[in-house]
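In order of appearance the chains are A, B, C and D, and numbering begins at 1 in each one.
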């Protein structure tokens, strides 16, 4: 089943103003650089972005923030971004903060057709406000709902014509979860391999969850916190 | 972290009469043959077995049934087994039938620390009797609880010292789910590889879920429905 | 002439659309794979954990680790992917499988289906049927119009224990193609040489016949 | 002498047991990895999707696809495994991680913890902290006993918005090791040269002192 398209511009052509989009990645690790660049170029506005983080000032979702394309961020951690802070404090940007595991599991729920899940994260905190709490076996849990997103944009290491995806190291993070959760899922990959070029035992995202796939180019793969040790 | 033990006898030494055990596999595909043989030899009795199927008369869980070791089966499909039928009709054996997806997801819930999940499977049928039904977005779902099992016994293709597991083809099935769901998880593998011998991107069950691992021997890997086509 | 099992499968295969992900149940539904129309690409899902199921293996090439949900030895096609049972039913539950074809003992005019249990007989279990019928976007039932006693299997209400409620969209029987509509079973096509009167007499549930009903062509 | 950050980490490292899976938070907790006692094997979990975290890479060997939850470049050890964020928090929620070490702004005598938000300041988010504190089997907090103004961070009730309720089991501060017990903060050890009186004066929450309190040895 051929899901290959030419490039990021074609991939995002149906994303219009006001769309709800999931964007994979953790920090700048495993983000769909090509699609983000295309969204910036397209200047689509009023977006709701579900993404664990919001990029940095000059990369990742930060570029969309600079361009004032984002109406609302749904994230677990949004530091490292001065423009983000400015828009938040000025009221231009709405932010919903969600515990990281809850964010991940609400994606999983969407991908697995479960309308809601129970998690203890946030019980007794302001995250619990307005949410249903239920006790199972002596422990309290919050009812959290599956996400609904028109589009999911993910970045994989390798992919094939059928949309099967394999991620690399910790660049996996939220990508396979969001890939399952979008109504339309767009995957950009570092390497597009021929049909049968992936080991069917090693696929992280089966192609049934992916609608469009293309090989990205010019990946920068920026490092946020370069930390090294000295050779002794 | 070395979790390697010598053999199946050592693996099951803590399983005693009345235990609740999950056993991986779909039909005879991907079943822990060595551990089943050891359980038969040990004659441990009064077991509650959570397993998608109940083997055939002379293999798999069927061997434990012949030996009258099973008090209760929790399965989705239990055909292909005359002794099973005899024990069921005579009242010696208790059976709880669960939709296959519900069985799988109740394992996932246990492995992911979710006390319960919602699924539409069985709504409006006798499976729904005594269960809580809840409507989300116009559709009814049943509340189904995470399994609690003292032991999970799974079969993988390859494994390492740390308990990381990789399954092969459709022998994966329930194995990774049950591996996550047991309080104590025992893995038998066709090939035990040295530490670092598995690609960390390709691991299906991270070792944190596995307590004991050993290399099995003499795998029969029986085929239930040999179906072929003729070369033209 | 009522349709043969192969013809039922062949007729159902015409419902396939290019790009469909399809789950085929045991029995007649399995045969649908043999009649996929030219130019139509579909991917077969097997709920024990495979996307991209291929034909049965050549003799001597059977792989015990590679079976379908009916426990038959199978093969894969290029671009296949394996996954665990939770993800398998996850993608079914999430509506990613476009079409499910399965057999039935009874279907009601409301789209209820019974196909797993006969009271008094040994119950083997529902397997994945309840998950499939509760979750599939689109369900076609492949079945005989009547049971061996000649009694209709298309009923006002199912008499057997239900597998799922209000989920069947279309039925292809040996006599007819019917949609399940709010008004009842709507007759769409007749098997070659089978009259609307015969179908009416063998359909216990409410049958809607509007205008001329075409014959199936093979 | 109050402990240095390194000494706090060193003291916490003594709580590690052979075979532990451990999640280390950002800041002082990260330093614990440098002091794992000889003969003790632990596996470090990083909640962005890794079991088997190794030390920082040598210069020039940084891999942008390989980072920890603090977004620092890292390495892996043999036997490591990568997974997605749902499985990562799944194993945390299921109690498979034996010990979580994290920092805190405030801890209450009931084990409540606040470490994510200061009203009036830019809120960066809770990241995985709420999941970790709600789910971890065993939580040790690494923190300064007082804030820069000299006010106690061990309180009868947290004043800041909570991260989790009744979850902290043990605190290692620059002044003391304390267990959170039903009776309050139970003093177990003093930093070298720090008196019980000083600890008492800097602990706003209920402090339990029974018998002689030993000094930590380094």
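The working rule: a contact is a pair of C-beta atoms (placed from the backbone, for glycine too) under 8 Å apart; a residue touches a chain by one contact, two chains touch by 3 or more.
Note that the coordinates shown come from a computational prediction; the quantities given were computed from them, not determined experimentally.
> Name the chain whose C-alpha centroid is farthest from the C-alpha centroid of subunit A.
C
> Where the centres are mean C-alpha positions, what is the separation of subunit C from subunit D, in Å?
Taking the mean C-alpha position of each chain, the two centres sit 56 Å apart.
> List the centre-to-centre spacing of subunit B and subunit D in whole Å, with centres computed as mean CA coordinates.
Subunit B and subunit D have C-alpha centres separated by 37 Å.
> Hey, how far is the Cα centre of subunit A from the one of subunit D, in Å?
28
> What residues in subunit C touch two or more of the other chains?
Counting only residues that touch two or more other chains, subunit C contributes 76, 82-83, 86, 89-90, 92-93, 135.
> Listing for subunit B: what residues touch at least two other chains?
105, 112-114, 119-120, 167-169, 172, 200-201 - these are the residues of subunit B that touch more than one other chain.
> Can you tell me, using the touch rule above, whether these chains form a line, ring, star, complete graph or other shape?
Its topology fits none of the listed shapes; call it other.
> Show me, using the given definition of touch, all chain pairs that touch one another.
Listed in label order, the chain pairs in contact are A-B, A-C, A-D, B-C, B-D.
> Mind listing the subunit A positions that touch subunit D in their complex?
Touching subunit D: residues 26-30, 52, 75-79, 85, 88-89, 97, 99-105, 107-108, 119-127, 157, 167-177, 204, 221-231 of subunit A.
> Touching residues of subunit C toward subunit A in the complex: what are they?
Residues of subunit C touching subunit A: 19, 21, 41, 43, 45, 51-52, 76, 78-83, 86-87, 89-97, 135.
> Spell out the part of subunit A that touches subunit C in their complex, as residue ranges.
It comes out as residues 1-2, 110-114, 160-162, 164, 180, 195-196, 198, 200-201, 203, 206-209.
> State the interface residues of subunit A toward subunit B in the complex, per the touch definition above.
It comes out as residues 105, 112-120, 136-137, 139, 141, 145, 166-169, 172, 199-202.
> Over in the complex, which subunit C residues touch subunit B? Could you list them?
So the residues of subunit C touching subunit B come out as 46-50, 55-68, 70-74, 76, 82-86, 88-90, 92-93, 112, 122-131, 134-135, 161-166.
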